[in-house]
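Here come two complexes built around subunit A, the first alongside subunit B, the second alongside subunit C.
== the complex of A and B ==
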């Protein structure tokens, strides 16, 4: 019998588990005895384990691409007709494969910390490395137990597999969204491991925090991009004309992002003012625990979700892991509580640190209320024996005011100095932004927006944008005066040298853009549903939509029924083809919307029903959704801002000395 | 970076302490306000998930929003394209409820397949749906007869 993909993958994972366990011992030894040989062993353990997990992931991709239905995972998620691209990304199409991908990212992060992280702060980093090895060992244990073993053999080898979930082979965004989320989730393990290491070693300072700032930022950015990509996927694929439904899976992704956002800001308070130490530790622990909770909620089948994975025995294991993390973290924090005392106390209400505190309270409140809404059905069932669901109205009612308050603080915070602001400072900082806010509100009312929330959103977004522009203009002006640089050069230097600050402002701009896109698309969408015969037309807003034909197409892996639509509007003419796809192994068809995206609005057409016998009619639902494209653009802007903020500033070379010397010489003359 | 370690009380006296207290109180007030809104909205947004049998046993009041989950019974799904009148019978193997809604059924809605309808009973015992959701998950299987809708 020849060696198959399953043997390679399963063998590699079991060997990797041994190296991860070895890594724990080596890292613990190296940290305890400050032993270089221990560290060297730990590094090699990490690298070998990583290589083995890469091999296992490659074996799974190999099995998927060659349609090796001897593997239960391949038989369940792949078919002979599945295109190569979708075969490859089926690696993360279902539970076992996604845990395999998770393990890969974790092994990569562990290896990176082992080789790079331990160069600075060796003792702290080595201790953190031991914790990362322990997490890696847990996930390797998971993928080698029957509960989530991706390489389990099929009970029988079918002639053809079931194929991937039709919803997952409809759009290339599927290639992007899950890996981004997993990268974000898993990278946050690094700040968590350092935080725990710092508690174990009894370090009172903020060294762990400074060392992992960039990991936290990158993790946050990837998680955010993953969420936006997921919203985009939901919009482009699910055919309901929306992008966010407060589904448990979405909530699971947004909660750690919220606490991570709070953390990225409160970190600055600790760095500048030596405050909020316990709070920052708690935020890191909460964020990490929420990533695991999210995985537990979505992988255990415990909550009811449109796209939850099916019921799995992996649930109790993940729950045990979560409980262990919380018990250990809280125990360590209690044990070290004396070392965590703050080096001062909070200043005036109109100081930057006070705004950060309010902002943190809001972010945590947002997280807690989302968590409450997500878990309430479980609590109600456990305590009252009733089954209920918490719909979007709850989330909207609570999160919209929080979001608006956060938008306001996003404009206020960066404009206030640390310690406190004088009246003159306030006037100087807020005169122009206040005018911009009024203009924003006028624009909203002028473009037909009604209701307090959307108008306020426009006003606050304009307020935020104005503060950012004001900061950048002042920065450029200061550099022009100080260094005599031309404006463009000064702008580039600003972003290059103070990337963290100005990258942060770019992120703020992206958030303001997303806020406007959400307000406009939620408040301004128009929907019309009509049954048309071929040749019939309907009017939605300023767009005319005509059904030209209803046709049927046979493709290799599916049969499609397509409504051929002609759309005319202010932006010109276009054609849309919303469709139903029938997959041989799925009992139900999958609808795909036809979307014509534009800067002013999207025309979103859905084939809602059609005459299967004579193709004599089709019910077409059309939504005209203003500004929704700017949501994805906003996501991109946030990504760019995060990159600017994460790039290390240039080394302080002596380049300025001649300039200063020349100035001094000029002054002496 | 400034190396000052302003502790609020040094040099600023009572005013500094008052300001600090103000910040803490404001943060607390913020948290309480949000908690209040959350609890208020939670009670109002809870929608019960019931099988047709449970709905009948509970004697759900007319007009009370609920979600019914079950199977679309074979031979009952009717959609009238011109009036966009949608009706079908949802059952759990024991009880059956007639559901009437407006608008095209979701693409995944099929006879024999699982569905969840949100709406309320009218006085005549007919369930007026405001939203029809076909159940679709990773594994395309209809729930077994008698299963409660949120279990999979």
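== the complex of A and C ==
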């Protein structure tokens, strides 16, 4: 074969870079001279660049699937024995492939904005498009220079590759978690590009914000799902019975999610009250900058010292990119500061906008404390030269009170009217939720929960759930009175016509669910470890666990030692098979837990040690973790709520104003 | 409570020159801290093994039969090199190892190659193709590498006559570094 995958991929990326650069010029021309030919060229540049990046990603997958070890990336992340599925998802098993996937998503978003986004607000959208092209060009530059070139040839062709990291070829969730995160990270480029475009054009209004609300929401939802999927993966694969460790990689994902959550709420204040303009711009810029900072932190080898071999030239390049983003954003904001001044002032402290502001301050505080904790080792080293790390206790101590306060505000905010509330309103809105909170606290105490944080969490979650139910019931009742609809009909109409509001409430329910799941699983887990001979049994909580056999299985890519467990509890009987897997190219065996998930609790069994010679005994560690499954359910509920909120309401679709005419009308005002 | 409370709201608004300067100062500080992070070579961390006695090992030979044990090499200068056939820098450094071995093979210096995270067949193929006649052994499921605190291949350890690790090199090594390390240990009185 004369032309290999590497030639196709590398060629496609270089051509795509040319089209991205062409796109910058075309979009700038279109925005400056309002020239439709410029926009047309920009659209085709975007589409061709996207097609070329798709080709490059396909070439990489082709190389992985055919085990083409002439490529250094394939040799380092794939082996002949790697199953097809894991070969495909090895696209994001390491740095270069991840950046390639990132580029693909960015090219897709650019193309979408070029073809769909520019229909309305052409001038703002084409300016934003130019910025997106510039970002795409940066990432294409990364993958066509040695910093992160995924198609570098291996200096020699090994007989067999190293294979993917065993932890990454152990669970199908790995197929879901990184792409979701990347989609979330990258889609936030769109609101950022629009924000910068509005600053460049000097548009003081909130048009950029309305145009990108949906991108921000979808990006936020994907980022959130990616985080939950990552927690799930950590729970199902790493075998320590936990799901969150405040690891720098996790922190990198949660920080932009926190600021994006703040933004989704403060946006409403700007729409309703024309306030917080500077603040909203700052949040969008901060969220975007944090996605880049997160990538920088996890990819430059600065924080995660154990990943010494991910050290590459990409660190300084990403830092330069981050500096450029911050300089451009801050410079533009200072330059436009007069246009950004708010027209009014915030209302009473007991108004919805004030709660949004408190909530925003708390979210930013949470972000800053996570950032501080993540960077503290670096700061300490810069100041005193000591190497240290910050553990989960710091994060827990700081984040738990902030989280509880946010949970409280989540219940209060939607119940307060804009501008301020009267005493009568307060009583009407909070009587039932306050009772629910008391019931929640009683439930927590009744189920043996001790400690202020978990009991408060239960109470506040019940409080939030009650406010949501109250809102929905009132909405349904109002529709029944106004339109005479049956209840089910009214409910569906509520979600379809005011999706943003009621979708938001569904998200609140999901968050309350997650809060309860975290409190219960942190406070109520029981762990027992026993060394058993086959036939031996142990008791953990209400569950009986018996070791039936210890067996060894040879699979193509690994050898596994499996403990065959029989588990009986209140929910019935089941079998679990926690195991150790030995990969030929890995230093340590990889343990896989056996999990029996249930609505009340999970039985989480780990094979801790075993008799390698005679298979005469095994040490089994069993953790019974209450309500942990509801964490994933909560994630799903949040996703459903986000979809409801993102779907366009039915009536708006019918209005079709020619975009240019609308723009001209807006300009004439 | 329905009238807007202007005084209260002003406390929350961040405007004015001081606020701008504050934000910029924080951002500049952030960038400086991040940039300072580059000073640190992540390969230099956890060199705690240097100055300590090398962890003992007895490992099967890659070719033929029998084992090599570190304790049997006491009294000699030992260079331990962790490598793998899939590792590109290992391939790069191999000629330097071959030249150093040619230079010292008849002296009181022993080079031991330890195959790391690799299958025996691929390891044999690597050595047969690239040459090298120094004793090469297979790590027992990475246990020895774990003892030495190996991040990833290639890594080279310099062990003195008394069995103490005197130096460690992460990444591909060149002939000069090898010779310098070996000569330092040879000169050192045991």
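Going forward, the second predicted complex is superposed on the first by the 645 of 669 C-alpha atoms of A that agree within 3 Å, B and C clash if a C-alpha of one lies under 4 Å from a C-alpha of the other, contacts with A are read in each partner's own complex, and residues count from 1 in each chain.
Going forward, a contact is a pair of C-beta atoms (placed from the backbone, for glycine too) under 8 Å apart; a residue touches a chain by one contact, two chains touch by 3 or more.
Values in this document were obtained by computation on a predicted structure and should not be read as measured data.
S.K.: Under the superposition described at the top, does placing subunit B and subunit C together on subunit A give a clash or a fit?
M.R.: clash
S.K.: Which partner does A:278 reach: the first (subunit B), the second (subunit C), both, or neither?
M.R.: After superposing on A, A:278 lies in contact with subunit C but is clear of subunit B.
S.K.: Once the shared chain is lined up, is A:315 touching subunit B (first), subunit C (second), both, or neither of them?
M.R.: So A:315 only meets subunit C here.
S.K.: For A:422, decide between first (touching subunit B), second (touching subunit C), both and neither.
M.R.: A:422 sits against subunit C, while subunit B stays out of touch.
S.K.: Looking at A:365 after the superposition, I want to know if it touches subunit B, subunit C, both of them or none. Which is it: first, second, both, neither?
M.R.: In the superposition, A:365 contacts subunit B only.
S.K.: With both complexes overlaid on chain A, does A:324 touch subunit B (first), subunit C (second), both or neither?
M.R.: neither
S.K.: Is A:357 contacted by the first partner subunit B, the second partner subunit C, both or neither?
M.R.: both
S.K.: First (subunit B), second (subunit C), both or neither: which does A:481 touch?
M.R.: Touch status of A:481: no partner.
S.K.: Is A:531 contacted by the first partner subunit B, the second partner subunit C, both or neither?
M.R.: After superposition on chain A, A:531 lies in contact with subunit B alone.
S.K.: Between subunit B (first) and subunit C (second), which, if any, makes contact with A:611: first, second, both or neither?
M.R.: first
S.K.: Based on the superposition described at the top, state which of 1-9, 127-135 or 181-189 belonging to subunit C clashes with subunit B.
M.R.: The superposed arrangement places subunit C into subunit B at 1-9.
S.K.: Same subunit A residues contacting subunit B and subunit C, which ones?
M.R.: 301, 306-309, 311, 344-349, 357, 361, 387, 419-420, 586-589
S.K.: Can you tell me which positions in subunit A touch subunit B when the two form their complex?
M.R.: On the subunit A side, the touching residues are 94, 165, 167, 239, 272, 274, 301, 304, 306-311, 343-349, 354, 357-358, 361-362, 365, 369, 372-373, 376-377, 380, 386-391, 393-394, 397-398, 401-402, 405, 418-420, 529, 531, 580, 586-591, 607-609, 611, 617, 619, 621.
S.K.: Would you tell me which residues of subunit B are touching subunit A in their complex?
M.R.: Residue list for subunit B touching subunit A: 1-2, 4-9, 19-20, 22-24, 26-27, 30-31, 34-35, 37-38, 41-42, 44-50, 67, 79, 81-82, 84, 103-108, 110, 113, 134, 136-142, 148-150, 152.
S.K.: Please name which positions on subunit C make contact with subunit A in the complex.
M.R.: That would be residues 1-6, 8-10, 12-15, 20, 23-24, 27, 30-38, 40, 42-43, 45-46, 84-88, 91-92, 116-119, 121-122, 125-126, 141-142, 145-146, 151-152, 170 of subunit C.
S.K.: Give every residue of subunit A touching subunit C within the complex, in rising order.
M.R.: Touching subunit C from subunit A are residues 72, 75-76, 154-156, 158-162, 278-279, 296, 300-303, 305-309, 311, 315-316, 319, 322-323, 326, 330, 334, 337, 341-342, 344-350, 357, 361, 375, 378-379, 381-382, 387, 419-423, 582, 584-589.
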